[in-house]
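Before anything else, here is the set of structures, which you'll find just below.
Each of the next two complexes has subunit A plus one more chain, namely subunit B in the first and subunit C in the second.
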Partner chain A sequence: MTTKSRPPHVAAHAVMLLLSFIALFPVYWMFQTSFRASNEIFSSALWPNAPTLDNYRAVLATMPILGILQNTFLMAATTTLAQVVTGLLAAWALVRWTFPGGRIAHTLIALSWLVPFQVVMIPNYVLATKMGLLDSIAGLVIPNAAAAFTMLVIYNAMRGFPRAVIEAARMDGAGSLRTLMGVVAPNIRAPLASVSILCFISAWNDYFWPLLLIRRVENSVVQIGLQFFMTQEGNDWGLLMAAATLASLPILLIYLVLQRQVVDSFIKSGVR
Partner chain B sequence: MASIDIRSVRKLYGKTLAVRGIDLSVEPGEFVVILGPSGCGKSTLLRMIAGLEDISSGEILIGGAVVNDVDPARRGCAMVFQNYALYPHMTVAQNIGYALKVAGNPRKERDERVERIAKTLGLELYLDRKPNELSGGQRQRVAMGRAMVRQPSIFLFDEPLSNLDAKLRIQMRLEIKSLHRELKTTSVFVTHDQVEAMTLADKLVVMRDGKIEQVGSPSEVYRRPQSQFVASFLGSPPMNFLPAVVNASGRACVAGDIVTWPGQIFDLPENTRIEVAFRPAAAQLSQDFDGTNVLPFHYEMVEDLGSELHLYGSVAGTRVAVALPQETAIPPRPLGITVPTDAVHAFISENGRRVEPRLENTPPNRSLGAEQCRETSLSYI
Partner chain C sequence: MAVAHTYAPPRRLPRLKLRAFEPWLYLAPAVTVLLMWTYVPLLQAFELSFYEWNMLPRSQPRYVGLDNYVNLLTLPDMKRAVVNTILYTTGLLPLSVGVPLVIAILTSDLRGPMRNIYRAIIFVPMIVAPIVAAIVWRWLLNEDHGLVNALLQHVGFNAIGFLRDPQIALWTLVWITGWKLIGFSTLLFAAADSAINPTYFEAARMDGASRWQVLRDIRLPLLSPTILLLTMMTFLFGAQWSFVYINALTGGGPLGSTTNVYYLMWEYGFMTMSAGWSTAAGILVFTVLGVVSLGCLASMKRLAVYDD
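For the complex of A and B:
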C-alpha cells in the first residue's frame, strides 16, 4: 500500500517544494539584498560577501520609517475592524430578517465586489477631497470601511449557523444585537478570523489609493514610502530592499506568531 | 400555569395556507400533544404560540391576554427544540443560566438556580462541559434545564425526542411525564410519533393539512376516531379499511356481499361509498365458515415481533393486517377472521368522516354510539 502510493506522494511533495521555492525565493532575495553594500548590489551570489546594516541605517535616516509603519498599522487595523463590523452587521440584517428588497440588497452588494477599483477611483477621490480627507489616515480608512467580500464571507458563515439556536436566544430574551455578539459571532470565529487576516493583508498592501490620497511623507504608508527610493535617476536597490524588508516584517511576524490559528481558521472557514 | 386560547388562527406563507383557522383551548396545567404527519402545520402552530412566527389572522391568548404582538421572551413560554439548539460555545451551566443572565439576575442567584435544575436533571457532573462533549440524552436534558430555569408558565416542546435512539426516547418520555406531574406546568408537545402522543397527552390534537381533525383524550381519539385520517394515523399496524357500498336497505356491502351490524342501518343514500374499518388487534382468526360472521382471509406472511404476531393478507381483495398474541398457533388454510361489532368503524369514502349506523326499528337520522352496538357482531352473508 505504502509502496504503491509513494510515487504520487513524492511527486506531490516535489511540486509543493517547487511552488514554495518560487514563492519564497524573491523574499529571500529581498532580505539578502538589504544587507549588501552598494558595490555588490548586482552580484548574483546567494549571500553578500560583507553583510552590512548600512542600508537600514540609511533608510532610518532618510525617512521616518517607524512613523510610516505606525501609520500603516493604524490604517490596516482600523480598516479591518471597520470592514468586519460593517460586514457583520450587514450580514446579520440579511440573515436574521426577511424584508422586501433584502435579496436585491444582497445581489447589489455581491455585484459591487465585481466593480473594479479604477471605476470608482475618481468619484471616491473627488468625494474624499470635498470631505477634507485628502492626505489623512481617515481618508484611507473611510472609503474602505465596508467591503462586499468581507460581508459575503460573513453572510455565508452566518447562513450555516443553526436558526434554532438564534430562536433559542430569542426565547431566552436576548435582543438582536446581543444575539449577534453573544451567540452568533463567537460561533463563527474561524471565518471571522480568516476574513480579518485577509482584510489586514489587503489593507497593508494597498498601494493605489494611498498613492492618490497621500501628499506628505509623515502621513504616508509603507507601500508609498517604498517609492521614495525609486527615482528618475535610478533605483537605490539596497535602500529599497531594506525598506521593503521592514515593510514586510509586521505581516511576517503576525503570520509566524499566529501560524496555527491562521491555517486553522482558513481550513475551518473554507476560505482559501 | 397558564391557559392558552387559540382563536381562528391562520398562517400564510406567501400564497400557501399552512394553518387554516385553528380553534383550540388548553387548560392550565394540561399536557396537550399535537400529533400529525410532516407538513401538517403542527410545528408552525407551536411556533406561533411561542411568538417565533407571526400570525396571519386570528388571536392567541395566554393567561387570558392576547399575545399576538408580544415578544417571545415576554409570553412566559419556554421552548425545547427538536435539535436541542444549545449554544455551542457555552458550557452546560452557561447554557442553562443564559436566560437568567439576559434577564440581569445576580450571579449568585443564577448559580443557585442552575445548580438546583442540574440536580433535578442529573447534570451536576457535566456543568463545565460544552454541548459537543455530551451524549444526545444529556443534551436533551440541558435543553430541558434551559427551559425549566426560567420557571415559565408554559412549556413548548417541538419534537424534542425525535433525535434520540429508541431506548433513550422511552426514558426521556417518562422523565418528561414525571416532570410534568411534579411541576404541573401547562405543556404543548408536538410530535409525529403516536406512541409519544398516546402516552404523554392529557388532551390529544390530531392535525392534517393545517386543520385540526380531532381533539380528545388519547383513548377517545384511538377508540372513536372521527375521520378516516385519524383512524389510519393512530395504531400500528394501521387500521384496516374495507371499501363498501350502502345498498337500498341501508346495509353496507363489501365486494358485492353484505357486511352489516344485524338490525343496524346507515341513513345514507343508496350506492354511497363507505369504508368499513377495524383495528388489526380487534380481529380474531376463525376456521368456522358455517357462521355468519367470518370474513375469508388469505394470509401471505407473518411477522413475529416477540410480543405479538402480525399477519398480513387480504379480505375481498383489500390488504388487511391482523395482530395476534405471540403464543397464537396459526391454523392451516383456509382461514377466516371475525371482528366484534363494537370494534367496527365506518367512514364515508368521499370525505372520510365517521358515520354511525342506527337500529333498524328507530327513526332515521338518530346516530348510534359504539356502546349501543355491543352484543352484536359483524356478519358476512
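For the complex of A and C:
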C-alpha cells in the first residue's frame, strides 16, 4: 500500500495482548480451578500440582447436569427454529407485498425490542401460569418464538434479494410460499445461518425468564441450574468451577468450530 | 402447454379477495407472539399500575388510583435505584464505548495472523453466559481466597471487599458487565474503522495533516455512527445487562448500594409480591426509556456522519 516502512507495532501488540489476557484469563482460571483438589484450591499457581476429575464426578453426582444440558439444548434449538421461521415468514410478507397496515406491522415488530422484559414480566408470568406453562420447556420457548431482532436481520437480508427473480418466479406460477422456500430462503442461507447462531447463543445464555418460570432443578436450564448450585454449594469453588465449565462447554465448542462466523454475525448485527 | 394455458379459466373473484389477506397470513405467527407476550402485557402492566395486588390467584386486585406512583416517587427506594441506574449506565460507558474506541484506533494498523487471533480471543467474554461470568468473577474477587486479593496482599495492600464494601460493590458489578462488552465493542469499532476508505487518509497526509488532525477530522466523524450506536445501546440496556450480576452476586446489597430500577421491579414483583408497585415502576422506566431512545435517534440523525 504505502512505500514507507512501518514501525514495529509494539504498542498495538501490547494493548491487544493486555486485552486478550483480560478476556481470557477468567475463563482459564475457571477451567484450571475445576481440576483442583480441595487441598490446593487456594493456591495461586497457574496449574494444579495434581489435576483431578473429582469435582466433575461430584457435580455429576449432586446435580442432574446432563439432563439440564439436554433441556437447555432442546430449549435453545427450538427457540432458534421458531424465531427463524416466524422471522422468515414475517419478513417475506413485508418484502413481497406493499399493503395497508404493512408499515404499522413493521414498526410494531421493530419497536417490541424497546420494551424491557422487567416491565412485562408480571403479566407474562400470570399468562404463563394460566396456560399451564410454569416449569416447562415449552413455557421457555413460546414467549420467545418471535423476536424483533431476528425478523429485522432476515428482513434486511431479504430486501437485498433481486426483485426481478421474485417476479420471475411469480410469472412461472409459483405460489408465494413456494417462492419463499424454493427461491428466496436458499439464497439468503448465509444470513439465516448467522442469525441462527446468534439466536442459539442468546437463548442458551438467557437467564431472566427461566428464573421466573422454572421451579425444579430437573426441569431447569443450565443458567438456572448454576444459580441453584451457587446458592447450595456456596463456596465449594472446585465444584462450582466444574459446573460452570460444563455449562459453558457446548457454547465454547461451537465457538471453537465456527469462530469466524460467530464473530462476524455479532459484528454485522451491530453495524447493521 | 401454451395452448392449455390460454384456455385456463379466468381467476375467480373470491381468490382475489383472499389475496388481500395473504401477507397477514405470513405475519400472523410473529405478530401473534409479540401481541400476546409484549404489547398486551404492556397494556396490562399499565392497568395493573393503578391497582394493589399481591399476585395470589384468589385475591382480587384493588383499585388505588395514582397511589403506587405517588409512593414510588416519595419513598427513598426508588430514588436510590434511579441514582444507581445512572451510575451503572455512566460507569459502563468507558468500558462499552471509550476504551474500545481508543483500543480500536491504537491497533488499527495491525495486520497479519495475530490480528485474527486477538479477534478470536477478545470476543470470548461476549459468549460466556452471564451467570458463568458472575460465578467466575465471584471466585476471582473473593475477599478471603480470591486470586485478585491474593495478589493485592502479596504486593502489600489490604484485601478489598469487592462485593461486600458498599462503596465498591456497584463498581465491581459495572466491571463484570463491562468485561463482557469491551472485546465486542472493540471489534465493532475495528470493523467500522477498516471500512473507512483509505484514500481519505492518503489525501489528508498529502495535504500535510498531522496524525491528530486526521483523527479529529476524518476518523472520529466517520466512526460517529458506531460511537452513537454503542452509546445508545448502553443507555437503553446497560442497567438491564447488570441485572444478572445484581441478582446472582449481591441481591441489591450491601445496604442497597447495588440495586437499580430493574432489580427494584423484580424485588417488588417477586419478593414482596406487590404487583402494583412493580408495574408502576416499570411504566415509569419505560416512559423514560422511550424519551431517551427518541433523543438518541434524533441525535443519531443529526450528529452521525455517513460516508455517502
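In this text, the second predicted complex is superposed on the first by the 236 of 272 C-alpha atoms of A that agree within 3 Å, B and C clash if a C-alpha of one lies under 4 Å from a C-alpha of the other, contacts with A are read in each partner's own complex, and residues count from 1 in each chain.
Please note the rule applied: contacts are C-beta pairs under 8 Å (C-beta built on N, C-alpha and C of every residue); 3 or more make two chains touch, one makes a residue touch a chain.
Just so we're clear, the structure is a prediction, and the values are computed from it rather than from any experiment.
Bringing the complexes onto one copy of subunit A puts subunit B beside subunit C with no clash.
Of the two partner chains, subunit B is the only one that A:Val183 touches; subunit C does not reach it.
Residue contacts after overlaying the shared chain place A:Met230 against subunit C, while subunit B stays out of touching range.
Residue contacts after overlaying the shared chain place A:Val165 against subunit B, while subunit C stays out of touching range. Counting the residues of subunit A touched by each of subunit B and subunit C gives the higher count for C. In the superposition on chain A, A:Leu249 makes contact with neither subunit B nor subunit C. When both complexes are overlaid on chain A, the residue A:Gln259 reaches subunit C alone and has no touch with subunit B. In the superposed model, the angle subtended at the C-alpha centre of subunit A by the C-alpha centres of subunit B and subunit C comes to 90 degrees, rounded to the nearest 10.
By the touch criterion defined above, A:Ala174 lies against subunit B but remains apart from subunit C after alignment on the C-alpha atoms of chain A. Superposition on chain A leaves subunit B and subunit C with their closest Cα atoms 5 Å from each other.
In the superposition on chain A, none of the residues of subunit A is touched both by subunit B in one structure and by subunit C in the other. Put simply, subunit A touches subunit B in their complex at residues 162, 164-165, 167-174, 178, 183, 186-187.
Contacts from subunit B toward subunit A in the complex involve residues 50, 52, 72-74, 77-79, 81-83, 85-89, 98-99, 102-103, 146, 150. Those residues of subunit C that touch subunit A in the shared complex are 20, 22-27, 29-34, 36-42, 44-45, 48, 55, 57, 103, 106-107, 109-110, 114, 118-133, 135-140, 142, 145, 147, 150-151, 179, 182-184, 186-188, 191-192, 198, 226, 229-230, 236, 240, 243-244, 247-248, 262, 265-266, 269-270, 275, 278-279, 282-283, 285-286, 289-290, 293. Against subunit C, the residues of subunit A that register as touching in their complex are 1, 6, 9, 11-13, 15-16, 19-20, 22-24, 26-27, 29-30, 33, 41-42, 44, 85-87, 89-90, 92-94, 96-97, 99, 101-102, 105, 108-109, 112, 114-127, 129, 142-143, 145-146, 148, 151, 176, 201, 204-205, 207-208, 211-212, 222-223, 226-227, 230, 235, 237, 240-241, 244, 247-248, 251-252, 255, 259, 262-263, 266-267, 270-271.
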